[in-house]
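All chains are identified by letter, namely A, B, C and D, in their written order; residue positions are counted from 1 within each chain.
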Amino acid sequence: MSVEFCGLELAHPIINASGTFDAIAARRAFGDQLIERFPFAAFVSKTVTLEPRQGNPPPRLWEVAGGLINSIGLPNKGLAGYLEQDLPELACLGVPLIVNVMGFSRAEVAHLVRAVSEREEVSALELNVSCPNVETGLMMGADPGEIAALLHRVRPLTDKPLIVKLTPSATDVPAVALAAFRAGADAVSLINTVRGMALDPRTGEPWLGGTTGGVSGPAIRPIALAQVHAVAEAVPIPIVAMGGVQRGRDAHDLMRAGASLVAVGTESFRDPAAGLRIAAQLADLTSTVRP
Amino acid sequence: MTIGSRPAPFGRRAATVTARETYGAYVVLRCHDPGGPQPRAGQFYMLAAAERWGGGEAERPFLPRAFSVLRALERDLHFLLEDVGPGTSRLTELAPGEDLLLVGPLGNGFTGPREGRTPLLVGGGVGVAPLAIWQDQLGRAARALLGFRDRVHADGAALLHDPTIATDDGSVGYHGLVTDLLGEELDVRADQIEVYACGPPAMLEAVRAMCAERAVPGQLALESGMACGFGACFGCVVPTVHGYIRLCLEGPVLDAQVLPTAAIVGAGH
Amino acid sequence: MSVEFCGLELAHPIINASGTFDAIAARRAFGDQLIERFPFAAFVSKTVTLEPRQGNPPPRLWEVAGGLINSIGLPNKGLAGYLEQDLPELACLGVPLIVNVMGFSRAEVAHLVRAVSEREEVSALELNVSCPNVETGLMMGADPGEIAALLHRVRPLTDKPLIVKLTPSATDVPAVALAAFRAGADAVSLINTVRGMALDPRTGEPWLGGTTGGVSGPAIRPIALAQVHAVAEAVPIPIVAMGGVQRGRDAHDLMRAGASLVAVGTESFRDPAAGLRIAAQLADLTSTVRP
Amino acid sequence: MTIGSRPAPFGRRAATVTARETYGAYVVLRCHDPGGPQPRAGQFYMLAAAERWGGGEAERPFLPRAFSVLRALERDLHFLLEDVGPGTSRLTELAPGEDLLLVGPLGNGFTGPREGRTPLLVGGGVGVAPLAIWQDQLGRAARALLGFRDRVHADGAALLHDPTIATDDGSVGYHGLVTDLLGEELDVRADQIEVYACGPPAMLEAVRAMCAERAVPGQLALESGMACGFGACFGCVVPTVHGYIRLCLEGPVLDAQVLPTAAIVGAGH
């Protein structure tokens, strides 16, 4: 099952979705078994921003049919904290590290890309563009022009593979993917969570501290499959697919639709070792399907 | 054997339900967990039914649910459950022979009382769960004050040794709040007590305020909505004087002093 | 519970979502009880197009977590067939009729609006704009400019209430709603289904005859709530909200978020009388909440 | 009483399971339906479990599932089920006392044989269901040819009176396809027979082709994926010489002559 992705050699095609697995916390909970049986072929960090962030006020979670809405708000230690404290610890995981970064202006993203890229522990970068550009007011990831301008700025700053994580809420996601490809992205990843909302059953007010949040889990799996399929027809670069993957068959479907790697997010909340199970199920399916 | 020295096994494992008992409004589920380590008092597990986890109210549950360990004897884990929604509804209907899926033990658990202080356990409703295992470990001399809504809930008091009981409606024991009882204790010997409390947000907040006022050390077992239980989702944060902390990782037991409030938004029902 | 909507007096706020209830077929299945206990306060037709359509090749359905994907493809008798055969029968239902129409060009929509609007049996029109404009290539419902141009063309053609049914797949749904309002829409309805896909577990090929389809049901309820909330903040006109409504509480949530009416779609498949149940549950909730 | 003269009650109603029996690979569920009219042979119901409909494979089932009525006696409805996925898995585990939610009877059902023809029932697998009630109504003289995969499936043959059995593996009865048996019949008396068939798509298509070839009238009870069962979704269409028709409304029994093919895409498992 070993696979090549943007020049990286991975043991299998299953990685984690950004922000859904904290390897350092998991090691505290599960000890060194986590390292011995690390569930992912590469480890993707939670989104790192330039400055430290507290994240959104709680409540941050709301369960829905086949999934959940989260309004976490990207809490993180900020670039410096991440590079100093987390990266050295993550380097012990024994799998390639992909660092997910987000900035609120092109200059911020450029700063992040340059600084992260300098670190040899880092194998690839993922750009989270599901946020507005404070300069233009446009969602970076929803507009082909924004994406192109962003990549023209940051692409020259690193030789490492650059993955652009698309937002599912664009009118024309394949057009955004195409713009990213043309401007030099090495791969795209999709889908990020889909905007959703819930009301407090007692008060009728928005439940989530952040008012709205993002839906993840099997509820969005058919949406992910459709978008991956459409993007695969639009761009020739590798795709990291995610959205509601629970079983090997879901991963297999996404790969049939054109994905090179599949990321597991919400399912890890239900089963911390979901990545291992899904990778094994996928290997079974692949060996049965192509004997 | 050092209690609670081993981390939780990595991943989710099946544990067969061995018994289901009712205590008034509550259900105690026992399950056999040969693979897991001995939990510490105050630690919790993420539980789901192995079959048909879903298809309840609003097509839920989907995520596992957090439960304090009530008791841990001979590789059997006991949990105390109150049916408040689709997850607890599914779990409380499990019969012996059916499987749970569990992850844990998770979180930190209680630590022993400071030098010169004796433990006082203060529980409200289903929050008595972690106090039972804590009393098992501290010894029966550890006194417990327990508050319940009414008689049918007060049946949960049978899970602890010789508790003093308060009920909101006066149907059993003292007519009033368990924090009234705590107040009486603190009036007499605030300097000799360490409080261990678990219960609904409003009760915990009252306990916290009382401890703060009289400089009594308190360890509060909190609740907040959890998706993962092992630090993965950042969903369970509660505000502390040090900023937000993930309750599943840094808690669920927190020193009362670090909390600006113990009335956690969105917890309880 | 009686409500006023664009000048119509409705017995309660629950109507059906277009294409999810065929009153004529239901009468064949359930007899006159259907009329005696008609579940909706107004009846919305399945989308009517200018020409008759067969719809997509089967399979047309795929069940997913908390919902289904459909790729029905708007089969209908065409405008003439609808006006001649169906409309007289629907007039016996005893509730206001809302006719949903779709055209593939502005001229087609204009033709449909004019012809439907002439019929006195019709109380209001709903424009289904979840399709590309063959003239411009743009999704009519995803682009504010398209919507404005369409409404400038068709708004003058009818005095009856004109509801624009928004597609949920636009980058900025509130902007589209605002354009519709400014160009004279009397109300907006949302959300239509969300694009999704499924693969045949045996062959790995797309399962649906139409390759992709639309996800409906509780899986999309949080998405609907978020979009209704956002649109309600953007426009002052009434909103018909739909998407995964199963219970009175779901309808109540959508109304809290700003909806005037709530439409039930997929839940009618599970329970043909769902509309009655939901209206009753909603009445209970409303009377408890506002005593 | 005119059989099948009343339409289905509007809406979904609960019916309590009164018995659950296994016939080899199949389960027969009986339920008590005091509110419903007597169904016609060939009609079907949309069924769901009242509790925990969901939470199975891939978080399904969500929609109700279509089942032919197997038998209808004294306000008791019988259904024959094969566990092929999350919906049938949930239904086949229901125990007496638990509730079904049902809508129906729906669809058209079989009509009696044309003048001068005797009925011949041809069933495959779980497709024997509508033939049982049809035989009840036609009388025991109505002969049945039934095909099954193997012995454990052939136990389903006990649901009809005196059937001739074929199995794919020869473990019971004729070793081969039920359509071989049909061919033998048609060779002898094609002009005296009206065929009533239900079974997997490939079998039905073979039956259709044989009937077409010899100008034998045939009524085929088809399957296709259904969401609603009452004409609301347009999801269940099958191609006919008149274009697509909604199988739930115009079928599930169709005259073989209107079908270009009876091998419905996406039906069966």
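Following the convention adopted for this analysis, contacts are C-beta pairs under 8 Å (C-beta built on N, C-alpha and C of every residue); 3 or more make two chains touch, one makes a residue touch a chain.
Keep in mind it's a predicted model, so treat the numbers as computed, not measured.
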- Chains touching both chain A and chain D, listed by label: B, C
- Would you mind pulling out the distance in Å between where the CA atoms of chain A average out and where those of chain B do? 34
- Note on the structure: Chain-centre distance (mean CA atoms) for chain A and chain C, in whole Å, is 34
- Task: Round to the nearest whole Å and give the separation of the Cα centres of chain B and chain D.
- Result: 53
- Could you check chain A for residues that touch two or more other chains and list them? 62, 64-67, 217-218
- Send over the residues of chain D in touch with two or more other chains. 54, 58-59, 61-62
- Query: When you draw the chains as points and link the ones that touch, which shape shows up: line, ring, star, complete, or other?
  - Reply: complete
- Task: Name, in rising order, each residue of chain D that touches chain C in their complex.
- Result: 6-12, 48, 54, 58-64, 101, 103, 106, 224-228, 230-239, 243-244, 246, 249, 264-266
- Item | chain A - residues contacting chain C, complex | 62, 64-67, 69, 139, 142-143, 169-171, 194-199, 201, 204, 206, 212, 215, 217-223, 225-227, 229, 244, 249, 252-253, 256-257, 289
- Query: chain A touches which residues of chain D in the complex?
  - Reply: 58-59
- Going by the contact rule at the top, pick out the chain A residues touching chain D in the complex. 66, 218, 246-247
- Message: With touch defined as at the start, can you tell me which chain A residues reach chain B in the complex?
- Response: 19-22, 25-26, 28-31, 33-34, 37, 46, 54-55, 57-68, 70, 72, 75, 207, 209, 217, 266, 268-273, 276
